[in-house]
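Below is one structure, written out as structure tokens; comments come after it.
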Amino acid sequence: MPMCSGAMKIILINPNSDPAMTARIQETAERFAQGRFEVLCRTIPDAPRFIETYGDIHRAGPGMAAMIRELEQDFDGFVVACHYDPHLDTLKEITAKPVAGIGEASLRIATMLGHRFSLITTDEHSLPLQEDLIRKYHLTESTASILAPTGPLLNLPEEERCLALARQAIEQDGAEVIILGCAGLSGLENKIRAELGVPAIDGVACALFIVEGLVRYGIGTSKARRYNPNRDSE
Amino acid sequence: MPMCSGAMKIILINPNSDPAMTARIQETAERFAQGRFEVLCRTIPDAPRFIETYGDIHRAGPGMAAMIRELEQDFDGFVVACHYDPHLDTLKEITAKPVAGIGEASLRIATMLGHRFSLITTDEHSLPLQEDLIRKYHLTESTASILAPTGPLLNLPEEERCLALARQAIEQDGAEVIILGCAGLSGLENKIRAELGVPAIDGVACALFIVEGLVRYGIGTSKARRYNPNRDSE
Amino acid sequence: MPMCSGAMKIILINPNSDPAMTARIQETAERFAQGRFEVLCRTIPDAPRFIETYGDIHRAGPGMAAMIRELEQDFDGFVVACHYDPHLDTLKEITAKPVAGIGEASLRIATMLGHRFSLITTDEHSLPLQEDLIRKYHLTESTASILAPTGPLLNLPEEERCLALARQAIEQDGAEVIILGCAGLSGLENKIRAELGVPAIDGVACALFIVEGLVRYGIGTSKARRYNPNRDSE
Amino acid sequence: MPMCSGAMKIILINPNSDPAMTARIQETAERFAQGRFEVLCRTIPDAPRFIETYGDIHRAGPGMAAMIRELEQDFDGFVVACHYDPHLDTLKEITAKPVAGIGEASLRIATMLGHRFSLITTDEHSLPLQEDLIRKYHLTESTASILAPTGPLLNLPEEERCLALARQAIEQDGAEVIILGCAGLSGLENKIRAELGVPAIDGVACALFIVEGLVRYGIGTSKARRYNPNRDSE
Amino acid sequence: MPMCSGAMKIILINPNSDPAMTARIQETAERFAQGRFEVLCRTIPDAPRFIETYGDIHRAGPGMAAMIRELEQDFDGFVVACHYDPHLDTLKEITAKPVAGIGEASLRIATMLGHRFSLITTDEHSLPLQEDLIRKYHLTESTASILAPTGPLLNLPEEERCLALARQAIEQDGAEVIILGCAGLSGLENKIRAELGVPAIDGVACALFIVEGLVRYGIGTSKARRYNPNRDSE
Amino acid sequence: MPMCSGAMKIILINPNSDPAMTARIQETAERFAQGRFEVLCRTIPDAPRFIETYGDIHRAGPGMAAMIRELEQDFDGFVVACHYDPHLDTLKEITAKPVAGIGEASLRIATMLGHRFSLITTDEHSLPLQEDLIRKYHLTESTASILAPTGPLLNLPEEERCLALARQAIEQDGAEVIILGCAGLSGLENKIRAELGVPAIDGVACALFIVEGLVRYGIGTSKARRYNPNRDSE
């Protein structure tokens, strides 16, 4: 794929250390960027294998802050490539350039595509954290359900598991849009769209087009107060 | 500006009949598109001069539906270029292609850029309607204030009026992001950014990059139920 | 039924074109009015057969506005006789006389009669629209459920279908009040009351007694701002 | 005023012992009833002079319950004629006939007449109680403000005080409808309408036309659960 | 158990007249107090056997107010030992010393121990009242479910019934904390903790340690306005 | 005061490195504990001087987790002694013993003492973070205002500054309870109580009596899901 010289550059920060997931995100990102901008997915050194607990999020923190400080000058925009949007507030404070989490991006875009969305996750453990995230973004009333595989579904391959959950969301919970609630599921949205006929989205693409748009629009995080790294008292 | 052959085409529907506003929107849109996609702003025949009352919205309805039906095949995405998002639900029902209102687009993007936003409008009359719109999108708790010029401000030129309102929003209401609440103000965001140092956004650019992103992502409005033009009973 | 001379006159606007439904509403209205006021149910010319989609609502709009403009002088109060309350804001803007939708009327009265209500509709398609309507009136937390017939229920006659849904609402969802969510169901409330022993209400009666009360009280829609047909800038 | 034989009879229970207020309510009620139904305002024996504190409400309780038990057979509907709606849940439990509080009635009707209402009270002490009442009825988001006279306003006669507060509500808080938040202000609504040109309502009329409507519609409080005086375990 | 001289003294007011429940509460309270403070549970004379309906609450009112007035000087803090928190606002108005309801205490403490709580009650009748109570304390979004025994569960002994409900709350509703919604269940929390491995709490202990803390901290109910027994106009 | 052997031990973790603040917290804590339990306030090594920005919170994270892991066996309960409750979710995941933040503790206790509270902070920068914290705990509707010193107030000594803000909260915003929104203000609550006559609270005492109570009640954080450090998939 030809790369324009002087192109916009966006980095995706994967806070876990799973090389397969990083590769998957990179692939999704390139497919979406189509050469309009350069895109790079990087892994945090010493990160946990997966981000599932508060402890996992905690451990990824120092590396994420170090990475964005190191790369801030070289990139035009930043994406946190984990659906929990870990440390997103801290990253928005560090740089004034556009930063988006794949959680917030997919949740906000989903609300524009249908009445209510359902979020498909990989593990029951994440249900309360996802619920809190949705509430943080004031989207509780736009949620049909948050679903994780249980019982016999756990024996199915990932793709079938997601399809089964998405079907349940649509038929029983009234979901009109499906959100893949984990960067590791990236790519399955096409399967869901084809099989079930509803919009299914992954946060990687959503975050990329929002950051791309913000970069072109010349705008980033407000430093008025909440995300200002300098204390008023200084 | 060079136009790529086979490019994506997005239409902006301006529900009023003010030629100056249509020209202004077209200019903003082209500046944002930068040739990545074709963009066209069209006016509704027999529309009111401005959209301010429920009656104005009402009168623009038949023309808007007729326009999207007529142009549905020729365009890849649709933007309703009035901040009230008039008839947006109806348009999302008519086509399965991406449709965004400049109201919903700017409101959702604003929440990603700072703690709370203020919306600057042109007329006190619009305050309750804008408040209702914000509530429709579940964003009441992200709003610092909704402001319209009153008293001596009414004698100022539009640009100074908007600057004064934006300054008030930041200093008195804690706004961290400014939204221009009328397509006719399009372009003033740069002035506010430069003078006041906070992100200021206009819905035209926001709606364009969201629709552009959705087109590239191959996704549009869910037809699961709410926006399905066919009744279940048929 | 004897009609008092000089009596109050209330019109019910049925935005669809189904003559059977118009007759049914007229009958319900006369039974409630008992000669205290004159009541007339009128159909919109060129309206869709039923109001189920945003397109149906859209198509009924011009005729509804035309009718209220034409009859504004001759009537004391107005009722929109479709549970979606289509174009209610526009009608409240056109006249300063009392206007009520059967949706808003039945929803508000229901909250005074029990802990939570359930809304019985005729078609799954309407669920998201009814949910939005309830949220528009800030009554989400007073709702036990919104139910439409599915599966085997679809084969039952309308009365049995409604009874089955109402029973489900009471026994499974904790509903204490039943609202008939469609003017076409008008009259079935007596059957539900008799069979299930809970208050069941139809919006036609509720809207009539609220409009009757407002007329006697000499009060109508505020023209302070939201429903003022004149822009401030004029 | 001629009284129809066999007419509907509605009682207004004034939980305080102020004879002037009882007379005022009786007058307002008769003016609204216009002979369509009989109306009687009664005072609770041993009630506090005014209802302002939780202690006042508490003291009125036994007498209110005794009165409704005594008169339940002889009346068709009941109104609690104090804006705090004291003991309303208890009264709805005691009888299955229609009961309305002037608080709930005026608040719900106000939402149908304009964008937001302001509530005018007589005393700062009542502000938190009125705020709680509004929240109980899920109407916080429909409230522009709750106002009590302070400072120099306290020296004005009641009518001017209310006018001043109503003017402030409209001009500064965006109120489109004014609610008189005390039965003792009954009658001032006409002055406010005439002077300020917005709908102003008193709960006595609103509660009367709702109860009148419910009686004619043959419906009262649900005994499904919340207002059932019999325990399930009995 | 040795009692320190000059110790803090807390009274628990049981608004019902069931001697077994009073004894049970006294036992729980002493076990928690462990001699750090004196504790006494008293029954209201002429109270209903159990508090389940609005009428029951109503009948307990005069005795509760009389008791707190009589004992106000002799005790340092007060607990309303019924999960509905009957007349709590009135009692907070009567004294400036610390007062807590077992409902509010257990609900607030539960939110600190896990994601969402479920409330276990004894009777379906109480479901709407408990729901209202939770909403009064702004805790609706922290609630997983409110459960009462139905069907075959009604035949089980109380302990097994509660265990079954708690298990259902955890497994089906996502509850992470169990609240015993009736003072009469006091003591069963240990069984639930042991069997199901989640925190289970009873309001008696929670209210006691909050009141104990407030007494030591030298603080009670604000008399700024809401709970001030004196009217501003006096 | 003699220290009982085998006493309960509670640690307060001060996430900043200001020795004066640590000493102040220790003093407040001992004054409250009165020998009923041992209490120790510790500072995080390499912590920022004050916790004001997301970056400050971020930097304190590793040290806080290390400290609680190191001391988990030796203490019975834990308090996070910074009003932002930094990393509270992570700490609740690490240990099953009781953990409270001074933010959540003071906010929840305040709701039991009056109608609405105001939070007094030290710096305008913290306003959005405090607002977010309050919303996290579902207490937005219980908040009268969040105030920080500005303009001439900045020149006053800390005590007078707080008094001035508290007075403003009570007189202008209707606050009935004052919360000191920073551990560094600990001790000023007595001054506010004495001067202004309303309850004023500091989170240190509130968190201590809640943790003390939970330890005595034998209960801590639920490990059902949200705060379980082990993933379901393991």
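Letters A, B, C, D, E and F name the chains as they come in the text, with residue numbers starting at 1 for each one.
Everything that follows uses one rule, which is that a residue touches a chain if its C-beta (ideal position, glycine included) is under 8 Å from a C-beta of that chain, and two chains touch if they have at least 3 such contacts.
Because the structure is a prediction, the values reported are computed rather than measured.
Considering the contact criterion stated above, the chains in touch with subunit C and with subunit E alike are A, D. Copies subunit B and subunit C of the same chain sequence form an interface built mainly from equivalent positions, shared numbers / all numbers used being over half. Averaging Cα coordinates per chain places subunit B and subunit E 52 Å apart.
Subunit A and subunit F, compared by their mean Cα positions, are separated by 32 Å.
Along subunit C, residues 115, 127-128, 141, 174, 176, 225-227 each make contact with two or more other chains.
Chain pairs that touch one another: A-B, A-C, A-E, A-F, B-C, B-D, B-F, C-D, C-E, D-E, D-F, E-F. Here subunit C touches subunit B in the complex through residues 50, 52-55, 57-58, 61-62, 65, 87, 89-90, 92-94, 122-125, 127-129, 136, 225-233, going by the rule given at the top.
Residue ranges on subunit E touching subunit F, taken from their complex, read 32, 34, 36, 100, 104-105, 108-109, 111-115, 137-139, 141-142, 170, 174-177, 193, 197-199, 201, 205-206, 208-210, 212-214, 216-217, 219-227. Against subunit B, the residues of subunit F that register as touching in their complex are 127-128, 131-132, 135, 140.
Across the complex, subunit D meets subunit B through its residues 115-116, 141, 174, 176.
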